[in-house]
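First chain written, first letter: the chains are A, B, C and D, and each begins at residue 1.
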Amino acid sequence: MTFTISTAEDGSERLAIEGELDAVSVSDLRTDLEKLLARQPARIEVDLSRLRMVDSSGVGALVSLYKRARAQGGSVVLTGLRDQPLAIFRLLRLDRVMVGAEIVAPAPAGSTSTSKH
Amino acid sequence: MTFTISTAEDGSERLAIEGELDAVSVSDLRTDLEKLLARQPARIEVDLSRLRMVDSSGVGALVSLYKRARAQGGSVVLTGLRDQPLAIFRLLRLDRVMVGAEIVAPAPAGSTSTSKH
Amino acid sequence: MTGTLDHRDVTLRAVSAACKLVTRRPQGPTWNEFRMQVVSAVGEAFNNIVLHGYEGRGDGEIEIEIRATLDRITIAMRDYGSSFDPTTVPPPDFDSLPESGWGLFIIKAFMDISYTPGRPNVLTLSKTLPSEPADEAPKAEGTPR
Amino acid sequence: MTGTLDHRDVTLRAVSAACKLVTRRPQGPTWNEFRMQVVSAVGEAFNNIVLHGYEGRGDGEIEIEIRATLDRITIAMRDYGSSFDPTTVPPPDFDSLPESGWGLFIIKAFMDISYTPGRPNVLTLSKTLPSEPADEAPKAEGTPR
């Protein structure tokens, strides 16, 4: 699993997760998700178009992000879900609650970006 | 399995086999081995340094080549055996009968070469 | 196979490879979904044994048995950790958007499950490959089935 | 899994993946040799079922069961072809450099074999991973075995 977090000038955040998000790899996300939430973004876009596999621990982390961001008054939109992750989100009935438009606007120019591998 | 047969100007032949020589792939060799034997070479070098796996059908084809070439008065030397193929040749006690020096002289300049993939 | 999450990948790769043994055509949407569901369910079950059965201790053994027959795969997982009763675990409360408690639901949704507590606990997951819809089936190839 | 030689690769890949389940350290010369021997033996057994059991007909079923426990792998192969008695097959006559008849010798040299004729015939191959020589073992890592 690798991920990238980019903060746009308008304060919105973009989190892109690639590969396999599971009980092992999910812990690599934790610190950066805390920092992201501490910035109290009005909008978080989670780009899952390159997420290949997710398990219930990974789903748990995304649900947690969603709930905490919303509790702060922010919005969260998940984009690009496909294949196994899409099947899991559908099975858990999370697709209608959490998943936004499938088409992702490119990150605005001038955004700062931190990348973790 | 891929293989290359090169005929040197002195009439000696070089057969290099790569990959997996097994009950399926061995049949791809048959026609070209017939042609090679029909040229009645005085010497055949079989380079197995890139052979990764062999099964008993592959061993059978190599033993057959060896016996027929010898019956025609030619010599056969197997070089470069390693890993699984070496273990099989040792187990079947073929290593002392059929295997020559591990160091292979490069094919002489001016040799003609046919390559199959 | 030791029960650490690091070993889950190796198990899932073996299960994924074994999914190719249940059919003469390991491809197409029906088979892809079959494999996706089997790998997902076994991954959840492995997590649960490590995190609940062995409570994350990381030194417990998990024995894996994979059986492939035509159209069906069966994976038996044996562990020596604590036992539980999967029939009494309640389903997730979807409306409250829980952050955990999805694992067993995924397992049961994707595979047939049987569980025998003991030493070892034996969790058996199996699944039949659905027959392909007619429009997915290959054109006649002259090979009798 | 159908009994054609094209399907052998798929079987061997699943067996190779399962060899990683018998140890917590699937690496090093001892394990490499173990896997090489298991894959070689199963390949020979698969060939034999296709070529002798089903006489190359290519439409017979071969069911594969793979069981991995700590230090041991067991592969059961079930077929509905003709039966034979592996105990009466003579070993190869090495001095005459035969071109066939090596398969069962390789199987028996590399794995423990048991065979029950019937419908299906069940050939069971198993092998214990030898413990590593001391100089191959990893340095103490603080994880109790």
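Criterion: a residue touches a chain if its C-beta (ideal position, glycine included) is under 8 Å from a C-beta of that chain, and two chains touch if they have at least 3 such contacts.
Note that this is a predicted model, so its numbers are computed, not measured.
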item	value
Third chains touching both subunit C and subunit B	D
Distance-maximising chain from subunit C - centres being C-alpha averages	B
Intercentroid distance (Cα basis), subunit D paired with subunit C, Å	24
Between subunit B and subunit A, distance of the C-alpha-averaged centres to the nearest whole Å	56
Centroid spacing, where centroids are CA-atom means, of subunit A and subunit C in whole angstrom	26
Subunit A and subunit D: spacing of chain centres that average the CA atoms, whole Å	45
In contact (per the touch rule at the top): chain pairs	A-C, B-D, C-D
Touching residues (chain side subunit D, partner subunit B) in the complex	5-6, 8, 33, 36-37, 39-40, 43-44, 47, 50-51, 92, 94, 97-100, 102-103, 105-106, 109
Subunit D-touching residues of subunit C, taken from the complex the two chains share	1-2, 7, 10-11, 13-14, 16-18, 20-22, 24, 26, 58-59, 61, 63-70, 143-145
For the subunit A and subunit C complex, residues of the former touching the latter	22-24, 53, 55-57, 59-61, 63-64, 66-67, 83-84, 87-88, 91-94, 97
